[in-house]
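The following pair of complexes shares a single chain, subunit A, combined with subunit B in the former and subunit C in the latter.
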Partner chain A sequence: MIIKLLLMELRSIRSDGRLLALVALALATLILSTWIGAESQSRAKTGRAAAMELSRQQWEAIDGLSAHGVGHYGSYVYKPSSPLSTLDSGVMPFTGKVVRVEAHVQNPPSHSDAGSWSSLIRLGAFDAGTILSLLVPLLLAFSAFSSVSRDRETGLLRVLVAQGVSLRSILWGKSLAYWFLSLLLVGALMVSHVVIDQLSGEPLTTDMKTRLLLFGSSHSLYLLIVVLLSVWISARVADSRSALMILTIGWLVTSVVLPRITAEFSSQLFPLKSQVTFEDEMADDRSKGLDGHNPRDERRNVVRQEVLEEYGVEKVSDLPVNLGGILMQKDEEYGNQVWDVHFGRRHETVRKQIGVVQAVSFLDPFLAARGLSMAFAGTDQFHDAQFQRQAENYRRDLIRVLNDLDAKAGTRQENGRWNREKIDYATLSDFEFKPQSVDFALEHRWPEAVSLLIWLIFSAGLLQIGTGRIPIVGGSR
Partner chain B sequence: MIALFFNLVRFEIQRLGRSPMRLAAMVVFLLCGFYAISSGLHHVNDWQETLKELSQRDDSRRTEAIGWFDDQVSGPDDRDWIDVTTIRYADRYASAHAVMEPEPLAALAIGLSDIRSTWAVVSATMGAEPFRTSDPSTLGNAEKLLSGNFDLAFVLAYLMPLLLLVLMFDVSSMERDLGILRTVRTQTASPKAWWLLRVSLPILVVLILVGTLLVVGGIWTGALEESFELWKTFSLASLGYVLLWGLLYAAVLSAGTGSSTAALWMVGLWISFCVLVPAAVRQVVSSLQPNLYASELTTVLRAERYEILLGEVETYAPGFYAARPQISPPAEAPDRANQSSMDRMIREAAFFDEVALVSAKTAKREAVREGAVSLFGWINPAYVFQNSLCVLAGTESVNFRAHRNDILAAVQKRLESLITLQWKMEPIEKPAFETLFAHENWRRHGKTPQQTPLIQGASLGVVAIFMTALLSRNKRARERKTGVV
Partner chain C sequence: MIATQAVSKSYGSTQALQALTLTVEPGEVLGLLGPNGAGKTTTIHLLAGFLKPDSGSVVIDGVDVVKNPDEARSRLGYIPENVALYPFLSAMENLQHFSSLAGLKVPRDEMARKLVHCGLAPEAIHRRVSTFSKGMRQKVGIAIATSKNARALILDEPASGLDPHASHELSMLVRKVADEGAAVLMATHDLFRAKESCDRVVIVQGGKLVQEIDPASLSANDLEAIYLKQMESGS
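Up next is the complex of A and B:
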């Protein structure tokens, strides 16, 4: 019976030119956004390659600098964009794309898109993630708001029930019909993405295919929830006009107002220290010691003494190594500890803020869908933090190698002076980003996945057991 | 006419009283507005707290250095390499910042102030300070930035049209749904006046609500007292925006459809103007004017800086002296320390020129991109309105460009002062050291936007009026032809 009702509803949808036009518009928008996204990504990829090449040329042209001087000269690390960022750009426009990697200083990524755009950047993105989580639900709500109430107003609902069709089957049939429409959109999007990737000569890896599948599945699940709730409201509310208003207000609250209020609330609940305090505290810890009782000069003297003892000499000028390089590396390692403590705290606070949003996603499925969408596209805060972490690890490795060269690549002259060897810095490799697997996304976003499942059970439950108070006969307007 | 007006007012009040949804929408709108103002104030308080910390940082450094001058020592006992009478350490200890202070209106339109840095160190020897402004978005929670602000500008630009929609969608279309429109027309002396008054009343209600929020916001943030002219423009723009949406919705209602269809069209307009068009414009413009990996800037900050610092000073000296006719190369060879400092300043000056150049190029690129966005302003009213409010509040990109120019100007002044002091080839004295404090630059950047947004908004309003007339005419022709009202 449900299948028959589904087909009947689909026929009704097919005859509604207004609705078909909206679906066609959504489909065109989705495919267009994917195509424009792919074009932009291709440009970004070319731009990144050019920037890396230029940076490499500058690196290889270094002449006349000591290894530690090269550490100050530093290198640049460029953030690659995830292949699925064309589907959902997530936080990427708001985070830096370039990290200056240098000795002593842990620079945060800079040159974000948001840093050079007007406030237009705050008005949403034209990507598939936004369209599927923000616009298509509204489209479905507009399509389904009168799905039951119209039948009630025209008397068709009474006829169907009188013929022995259960109200539950009617609601399921209608819901599945509207969901079928949304599946068409999601399916077309995924196919177009795969085709564009094939045409670009860079087919997706297995991990990316899994991510794409999960991206589509999470959106399909969210859209099913929207459809079930829309159809139930259409059935439960006395007339189409009220159903439309309730759905519009519901969409507004869940998709526009609550996400902003939750974000504000989370940052007030777990505030981050101001940048000035953050920088000053880090500088303090670096110079005075993490415990406040082990200042830099004392640390240096201890290291100096240890090195002298290790080589069994009394004067620095007798050392077979360059003490400067060793001291720099020890100071670097201390700085790394300071960075780990301070950035660790900061990331923990951000994690708590996101935790608040994840908790609220149990009240607002839009937040759950958005979180999953970004995570599967590899563009959420957690994925971005991985880039920062890898860039920092690269910095530590690079500076350690340079400090080691500074300490050991040379000979002690008879007059006690350290004679540096000429070093070929071109042999030092560039940063290579290792993308996270889909497990990483699931590990961090399971609350949203659970939230979506609970919402699905709840909305399906409404249709299954919440039909008792649905009016069959209503006043026609 | 006056009797009709009062009858309609009485009718609308009754209708509101009997429609809990409408009343709830109005209350929720006001609550959202109050929350937005409080949230904006919270943001501005954090901003001011940061500025206080910067001020304390400056005071602490300056006081420490002045203490050395008073004690007639050149630096602290435990760091003998610090000599505050030399330009390098004078520059460091005459701590100063170029700061973008918040306008009172910034609490009502946060704009980009939570994304971009509002301060930079003023120093001529510590690299390219205009671009050393850290990226708060990267150090913070980017998912919060993605969600967007909940400030009054958002409430007015995005929620206000929805409130208007809730109040207007069944004006006259309800009578059509109920089949009593013909009766209303026959019982009303002037159906046109009846329609105009019915359409105007919800707009008037929203104008009153928006006006209330603006006054409360003005008093709460101090804008009414401290920057009345900006607040006035802010308020007029907001009220004009209400009228614009009123006209757009009136055009929809004039088509003479049922209330559901009217609501669909209105929501369609809202989505188009508040979501689709801004997002599409952003996508198209960013595709045409991509923001790539800032290679030009990174090259200046690293490769060119090192080239200048390690290169022959003679390469830069002629240009240096040519640009500063008031000083000339020393007649006698200075001592090693002075020579080194002079060479350093010549190099820093050359580097500063490079930074100023790349800064100008970056600003030009941003302006070109915004020009491209502005071309779509005719169909992008929500963004144009939000942008105008942010410009007034000093939190838009154009204000941040002005701030970057301020940083450059402050750094240049510091550079020139240090050059003048260095070319005297004498240790810096306390009074000269104190003159360096004057390079701090704390300024508000709110300003009245250009006329273009007003013209674009007014043009859209005119189009709406034209559409209203056209659709009304079509409706009347249809009614005459079919006899169905």
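Up next is the complex of A and C:
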């Protein structure tokens, strides 16, 4: 029964040229956005490779500098794009792509697309994730608002019911027909993404396949919720105009107003310090000590004494190592603690802000869909924080190795001066970003997944058990 | 059998039906006459289970419509004043679709015969119904309703908008359905058509049954006179 009604609804949709044109437009927009995303990613990849090559050349050309000098000379690490960022760019356009790696200083990522006035940012994000979660639901609402109310107004609903068709079957048949359109859009998008990837020579790893599948599934689930609610509202309210008004207001509130209010509310509830304050406080802690009573000089003297005792000598000039390198490393380790405390606080605040959004997603499935979309595309804040964490870990390893070389790669001359060996810095490895697996996304985004499931159960429940109060006849009696 | 027992229904403060009791026996055609707003359509909608009564019971072929609407509808054929169909389908496709929804498996040639039997021209059977006149759509609706071979048939102003010839054909068809054993209730304004096809006629006004008439014992003019007299006394 439901299949027959579904097929008839699809024929009805097919007979409506305007609706078909809208679906074709949405499909073209999705594929175009993926292609633009792939082009943009390809350019970014080329640019990143060129920048990395230049940095490497500069690194290998270093000559005559001490290891610590090389630490000050520094290098750059570049954030690779997530392969699925062509589908949903998430927060990536607004976060930095490059981190300058150097001794003593933990630089924040810089050179964001937004900061560089990228052409794609000026008019807002144009990616499949945004289109699927923002525009396609509107298209579905505009398509389905009269799906039942129109039949009631024309009298077709009465003829169907009189033939023995239950309201539940009618509502499910219509819902599944509109969902089928959504699946066509999502399916076409996923196929086009795979094709574009294959054409560009990008191999699809198992993790990417899983992410792609989950990306499509989460959007399909959200669109099913939108369709079920749209059809139910069309059935429940008195006329098509009221249904359209309710759905439009619903879309506006859930997709535009509530997300912004939630973002603002979470910022008020868990405020982040401004970048200037954040950097000032970190510099202050770095110079004064973590508890505010441990000046740097005092710490240096303590370390100096410890090293002298460790090697059983009285004077620095008797040490078989370069004290400067050891002091620098100790200073680094102290700085690392400061960084861990301050960035830990900052990340915790961001995590709490996201927690507020995740809680509100139980009221607004759009937020759940957006969160999952970005997470499965590997472009949410959790994934972005991993780049900063890995870049910092790389910096620590690099500076530790350099300080170690500064301390030990050399010999003590008879006059007490430290004679450094010549070091081949080209042997030091480049930064290599290790992408997070899909488990990482699920681990951080399970609240949104649960929210979508609850919304699905609720909206399906409306169709399954909420048909008792649906009017079969309209104004005419 | 079609039966309502002391059925009342109101819309807000408007009382549409007041303790209306009707019975239509198998093989009988009952005409439901009354002015606009008398409660005819409400009665039809209650019988089809589209509305629930405030009080009283509604029974189709022994099945309580309120308690078991799906079962009651399976025994019911319904023809509205304006038959709504899928405009992008042909008459045949509409009949096929609605028959299959009712769980019927009817061969195509039998469906074609049914449509012709209901007065549709053979050359129109495979035309899209979006090109049909109201009368043609009405005939397709009659074919859909009667193809169920239902034990009860309810018609809401079925001849509205039909030309005299089509209207006469409809009367004959209704008569034939009743002769085959179905109970038929027909709400109508058309006194002449009521006299032509009904075994009994009841006049409702203000949601109440005000008079029952045997049309066979009267001329159409007499019937009209009685009807107008009731309207005047009720107004």
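Please note the rule applied: the second predicted complex is superposed on the first by the 470 of 477 C-alpha atoms of A that agree within 3 Å, B and C clash if a C-alpha of one lies under 4 Å from a C-alpha of the other, contacts with A are read in each partner's own complex, and residues count from 1 in each chain.
By definition in this document, a contact is a pair of C-beta atoms (placed from the backbone, for glycine too) under 8 Å apart; a residue touches a chain by one contact, two chains touch by 3 or more.
Please read all numbers here as calculations on a predicted model, not as lab measurements.
Overlay on subunit A: subunit B and subunit C fit together in the combined arrangement. Contacts of A:I454 after superposition: neither subunit B nor subunit C is touched.
Applying the stated contact rule after C-alpha superposition, one finds that A:M245 touches subunit B and leaves subunit C untouched. Within the superposed three-chain model, A:L428 lies out of touch with both subunit B and subunit C [touch as defined at top]. Counting the residues of subunit A that each partner touches, subunit B and subunit C differ, and the larger count belongs to B. In the superposed pair of complexes, A:G96 makes contact with subunit B only, with no contact to subunit C. Of the two partner chains placed around the shared chain by superposition, subunit B is the only one that A:T262 touches, whereas subunit C remains out of contact.
Of the two partner chains placed by superposition, only subunit C is touched by A:R158; subunit B is not.
Of the two partner chains placed by the overlay, neither subunit B nor subunit C lies in contact with A:V341. In the superposition on chain A, A:F142 contacts subunit B only, with no contact to subunit C. Between subunit B and subunit C the least C-alpha distance in the superposed model amounts to 17 Å. With the contact threshold set out at the top, residues 477 of subunit A are in contact with subunit B in one structure and with subunit C in the other. Of all residues in subunit C, only 11, 16, 41-42, 45, 48-51, 70, 73-74, 76-78, 80, 82-89, 97-98, 100-103, 141, 144-145, 148 touch subunit A in the complex they form.
Interface residues of subunit B, counted against subunit A in their complex, comprise 21, 25, 32, 35, 39, 42, 46, 49-50, 53-54, 57, 78, 111-112, 115-117, 134-150, 154, 158-159, 162, 165-166, 170, 177-178, 259-260, 263-264, 267, 271, 274-276, 278-284, 286-287, 290-295, 297-299, 301-303, 306, 310, 362, 365-366, 369-370, 373, 382-383, 386-387, 390, 395-398. Subunit A meets subunit B in the complex at residues 29, 33, 36-37, 39-40, 43-44, 47-48, 50-51, 54-55, 58, 61, 64-65, 73-74, 76, 78, 90-91, 94-98, 100, 108-127, 130, 134-135, 138, 142, 145-146, 240-242, 244-245, 248-249, 252, 256-257, 259-264, 266-268, 272, 274-280, 297, 346, 350, 353-354, 357, 374, 380-381, 384, 388, 477. Within the complex formed with subunit C, the residues of subunit A that make contact are 1, 4-5, 8, 11-12, 15, 151, 154-156, 158-166, 472-473, 476-477.
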